[in-house]
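Working notes, structure below.
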């Protein structure tokens, strides 16, 4: 339906080693047109594919807060369970949160928390059978999931003046991506 | 309407130096009940107050991507304008994204991008006249706004194997909080 | 701003013993106009008030499913924690789910599960400082919270033909309502 | 709770007589992992299928309210029309309301009200071509649709003290489920 | 809390004759900063006020379609009832649809359809007690309400080639605005 | 799964020249049943197809406002960029805004603004691979996109009494529709 060369050669979702061939060299910002206007990427001609993306990040906390999360009496299960639900919700709502994202069929979400002495790490894996990658879904799951942890421990992390001297979210990155044809 | 001692003394939003008096020592995880169940904080008895919270964070990018964002021809205005809209939307939707957050009347949102050689910094200030703090709103604005930047530069940041070796979101923190009575 | 008699005398939210005076006798379906058209109730002239509504309901389950929910090894905490989050979310989204509901400031939500031999009971209390009652919020919390329980135990409740012979949601009702002026 | 090779044998959506083969006997709570953490079910390897689920439930009302609903002058058409729209909306939003549900392509929704002397019954049939069952969609349509009826008749159902002595939602159940391959 | 002159003197919602004093002459695009960046308007210092805005518009239809809408047998009540629900929903969701809008407490929505020989006119009145005007809410109610009418009569309006030669939405305008202090 | 004649012969989305054969003559309001109840159209038996719909419309403005939009100093890029994001968002949310619409996989959205002396024209093209047409998506993109423009220029368009004497949205229409089989 689109005959022009506009969306030939790349789409911002599978450049390079994932098998899509050589990318056009000046095609680096595919959400903007030649005129600099923002746009969604046309994925109509792309095949459905099995894709998986894994993102991770961490929230740095005071050791006493981590201890409280670990301690069953103060509701460890529920704190992380709530963050888990929040992360899954964020994955499913990425098409709303990221303006240029398409709605894709999310077939699986895995969330995993690792509690260290001064931080909680969150890894989110997302799988889809759709036409675009799902790293934005994984990233939204990680950042919102970590924000939920922050929300749950606010009182424990604040200092005497109501500020958060030690709390921060760090090292949010895409750990891996995979793409392979759908076997039928 | 609530007579019990359940929510006396603190609420997770204004402990310590913000004038709420001494917090109960074991009241560190206010989103969980004595039984460890998750809950919203009861804010019914709290007065409306002018509050302001500022959060900031950054996305590390390759210098060539930053150059492309800066370059008018590739749509700098629109990339950051889209991220700005995404950040504001995230602020307004925090009551949905963070399961235990209340919906509060957001009266102002300021977003500011600073483009350095290898990163884009985003600062989000949120103001409210409601009964709870708004640092979660500011944090959601920062993390989702940075994710929008990531989405807009995906093609530029991927390496030959489709991974993101240099991209990461870092140093997300609450820069400041203020609270003062509403003058009438 | 509204001069006509259209919304005089009642509002569907505080008839009778709650102190609003005598209701007009034919004012029983306040979401419909004299012409039978559906409408929201005009609450602009109503004062802010402290209100609380409690709803409850139950889901009937096979005893073995209840046993599985009770058993820590199979994730009791997480099943009920997820239903709790779902109930709170439903309370906050009632203005979307019930077409003629206003968005009101929800100041508190209490959720409580009681696990009996063949059922799980859910009680949801909602408090607001707004201009209308909050029983619809409490009811949406109960019914969606119970649906989340159903979703979590689907595999355990299905019989050999994939049907649910014993599962049902029952006795959903408003247990109590209160209203009193805001003390300032 | 998921011990096997990830999603072999069962998934909570098509156990038993629906043709999916023998279900693992201890696979009763598929939304929780072996560690008791909540999760979505991985449906990536499941084929698209035609599925249909029918749920029903009822709201008990005072006879005079039912009479008012039946009476054209007080807007019968609009009351039930509004509940119908609310039920369809709830079906389409189930992926948001039920935290572990996937978004599925809903291809058809049928809603049917039966007005008896002291109750209104609502039956909702949902059809999908997706990878999971749609009984949760049908249940959400029934419970929210009945809540909309409640909201529309609030003033008629309240007694002199503002309570609802006779109103209740009851007998919400899944009436039938079907699954068959997509013919191409 | 905001000391700078940034938001002095105007706010885009009550310039001129509504009593806000003289507007700064170059303050015409208040959703953009001095640097041309988009922003929300800071309404924190504005008092709560009673406001009402009325918008109207129309959809031009073939006379046979209008006749079908009028004819009870083909569901006139339900077509307009659905459009009414859609218009009210759009009013309540304006804070999401219009990126720079604040969420305001909508206290009343009136929708009125007038069916002429070749068109359906829709008037939507919105009232709020908030800090900003509500004309965008009224406009969103009108345009989405008319789109719902279009959706309901699609089959009747299409010609033999599937196009809509006669259908169009026209003359969407703000009919009136009012603002007055809240009496307490 | 549906054997009855209820949805035979037409579906409101591809009557006439688009190749669906002769439409039933009395099947003009396909969102209502024989009883006049509103309904979604059953699309379960319809094949996936490549579809494209283009809608357009315009907002009439005072020449000085258009001049301000054109002028880089007052943020032209951001005003239209925000409207563009709002239009794309509205396209993606049509399944929520239009009560009887299905959620369809939107594969592409093109937005184009044309700035004339006394108006801004907006054209929105939407493409899908789903089972129904996408003209409602294009129309929602146009009307909400134009409303965003209105919101951005409110202060410039108001007269001394706070009214909008010259502003109006006009000539919203479907410019073209296409449908063709998916090549595999």
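Here are some notes:
Should a chain be cited, it is by its letter among A, B, C, D, E and F, assigned in written order, with residues numbered from 1 in that chain.
The definition used in the following text is that a contact is a pair of C-beta atoms (placed from the backbone, for glycine too) under 8 Å apart; a residue touches a chain by one contact, two chains touch by 3 or more.
Model, not experiment: these values are computed from the prediction.
Taking the definition of touch as given, a chain qualifies here only if it contacts chain B and chain E alike; those chains are C, F. Between chain C and chain E, the least number of touch steps comes to 1.
The set of chains in contact with chain B as well as chain F comprises A, E.
Interface comparison, D-E versus A-D: the higher number of contacting C-beta pairs is recorded for A-D. Chain D and chain F, compared by their mean Cα positions, are separated by 30 Å.
A straight line joining the Cα centres of chain A and chain F is 30 Å long. With centres set at the average Cα position, the gap from chain A to chain E is 35 Å.
Among all residues of chain B, those that touch two or more other chains are 36-38, 77-78, 81-82, 85, 89, 93, 96, 99-100, 103. All chain pairs that touch, listed by label, are A-B, A-C, A-D, A-F, B-C, B-E, B-F, C-D, C-E, D-E, D-F, E-F.
Within the complex, the chain F residues that touch chain B are 77-78, 81-82, 85.
Interface residues of chain B facing chain C in the complex, by the touch rule stated above, are 1-2, 36-44, 95-96, 99-100, 102-103, 130-131. For chain B in complex with chain E, the touching residues are 50, 52, 77, 80-81, 84-85, 88-89, 92-93, 103, 105-111, 127, 129, 178, 180.
Contact residues on chain B toward chain A in their complex (touch as defined above): 10, 12-18, 23, 27-33, 36-38, 57, 64-65, 68-69, 72-79, 81-82, 85-86, 89-90, 93, 96-101, 135-136, 139-140, 143-144, 146-148, 150-156, 158-164, 167-174, 176-177, 179.
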